[in-house]
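Please read through the structure below; I'll follow up with questions.
Per-chain numbering from 1; labels A, B, C, D, E, F and G assigned in written order.
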Amino acid sequence: MPEKMPIKALEQQLNDIVSIKLKDQRIFRGRLTRCDMYMNLTLADAEELEEDQISAKYGQVLIRGNNILWIQIPE
Amino acid sequence: MPEKMPIKALEQQLNDIVSIKLKDQRIFRGRLTRCDMYMNLTLADAEELEEDQISAKYGQVLIRGNNILWIQIPE
Amino acid sequence: MPEKMPIKALEQQLNDIVSIKLKDQRIFRGRLTRCDMYMNLTLADAEELEEDQISAKYGQVLIRGNNILWIQIPE
Amino acid sequence: MPEKMPIKALEQQLNDIVSIKLKDQRIFRGRLTRCDMYMNLTLADAEELEEDQISAKYGQVLIRGNNILWIQIPE
Amino acid sequence: MPEKMPIKALEQQLNDIVSIKLKDQRIFRGRLTRCDMYMNLTLADAEELEEDQISAKYGQVLIRGNNILWIQIPE
Amino acid sequence: MPEKMPIKALEQQLNDIVSIKLKDQRIFRGRLTRCDMYMNLTLADAEELEEDQISAKYGQVLIRGNNILWIQIPE
Amino acid sequence: MPEKMPIKALEQQLNDIVSIKLKDQRIFRGRLTRCDMYMNLTLADAEELEEDQISAKYGQVLIRGNNILWIQIPE
């Protein structure tokens, strides 16, 4: 994949904390441990947030890429 | 599939207990017995949960991958 | 298809009674007579259930795989 | 296509009366005159039913396969 | 495309009046001037109907096939 | 692409004013400046309409084809 | 990709401010830093707007192309 592809920006965040908005409007926050070109990804220490409050803690979570609206990634 | 693919993290959980959130907001919990690259998977001793309560027991269940939001997997 | 594929677990149930949850939340129960890799399948003696009550009987039904949430299959 | 494919069960019903449930919960009933592997199909003498009552008559109708939930087919 | 394909039934209606139901429940009626295998099509003298009343007139309209539920075609 | 394809009717409207209905029921009106075979397209001087009133002006807009219901094109 | 493709109009805006409407009706505004042919893209200094008010600031955001309705791009 060329370096300038948007998905590459995600790959460069491996081991960083990211926030992920899903189509059901929930947000997951955790440490990015794996990702692929479909935006399937795994988080460690994953928390689910509703209206900025932590609503659940899940440990390791595999998120299916096609349900992702956006991913906030550190600069 | 390369070892670092997110879907590989699921394969490594064969025979472990996983929790699966579906698009209709229900959660399935059970022992992962099969999975493929589309996240189609089978659970043994599958339970359905609504608001953290067991709402049904199904024995063996085949879940269609494209309806999965996320999968909680043991670390 | 490799023997360990999830869809193989369905194929092994040909002629057994299965229950199928569709995206519109209805459940179909019947004898599995055909299936393919997209989870398209046919049931004989198909019944539709709403809240555990039989709401309709349809005889032979062809169900389109992409509308299936999950399939309960005997062990 | 192998004879045991689910879609083959539909092909064998050419010229028979079938009932088709669409994603918008309406049911079409008519004589199956054409079908393909995507479940695109044409009905002759097509009627639309709502709650078991005929709500409209359309003559010849082409139904797009991806909107079909299930098809009831004679045995 | 083989002559017996459902989509062929549409092609045979070029220059005839067809009615088209979209996923948003509106109906378009007009003279079919072009169509392709995805059911993308153009209508001339297109009218939009809501509850059997003409609600708008659009002249020439290009309709995207994947939003079509069904097409009523003359026999 | 053969001249009689529906998408060709769109291509012939480059630099003309078109109206586009999106799945969220909004209508965009503007001068068609680019289009491709997926109905991705750009409009110049784009206006958004709600119930026949201009609700916003956007200048140049790129619209994703898979959200389009239909396009009204001059004859 | 040919120069006249709609997606090319986006590529020409790299480093410019764009506004993006998502299927959940939110608008993101930010500096376009990467994009690909699926409209996956990254924004720097991304703000989320609801009814023309800034409702959140996210820094760098990766947006999944298939959730995009339209993109407003400077002329």
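In this text, contacts are C-beta pairs under 8 Å (C-beta built on N, C-alpha and C of every residue); 3 or more make two chains touch, one makes a residue touch a chain.
Everything numeric here is computed off the predicted structure, so don't read it as measured data.
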item	value
Mutual neighbours - chains that touch chain A and chain F alike	G
Whole-Å gap between the CA centroids of chain D and chain G	42
Whole-Å gap separating chain F and chain G, where each centre is the average of the chain's CA atoms	19
Rounded Å distance, chain E centre to chain G centre (Cα mean)	34
Numbers and ranges of chain D residues touching at least 2 other chains	23, 66
Cyclic chain order - from chain A, heading first toward chain G	A, G, F, E, D, C, B
Touching residues (chain side chain D, partner chain C) in the complex	4-10, 19, 23, 25, 39, 65-66, 68-75
Interfacial residue positions of chain D with respect to chain E in the complex	22-24, 28, 33-36, 40-42, 44, 46, 58-64, 66-67
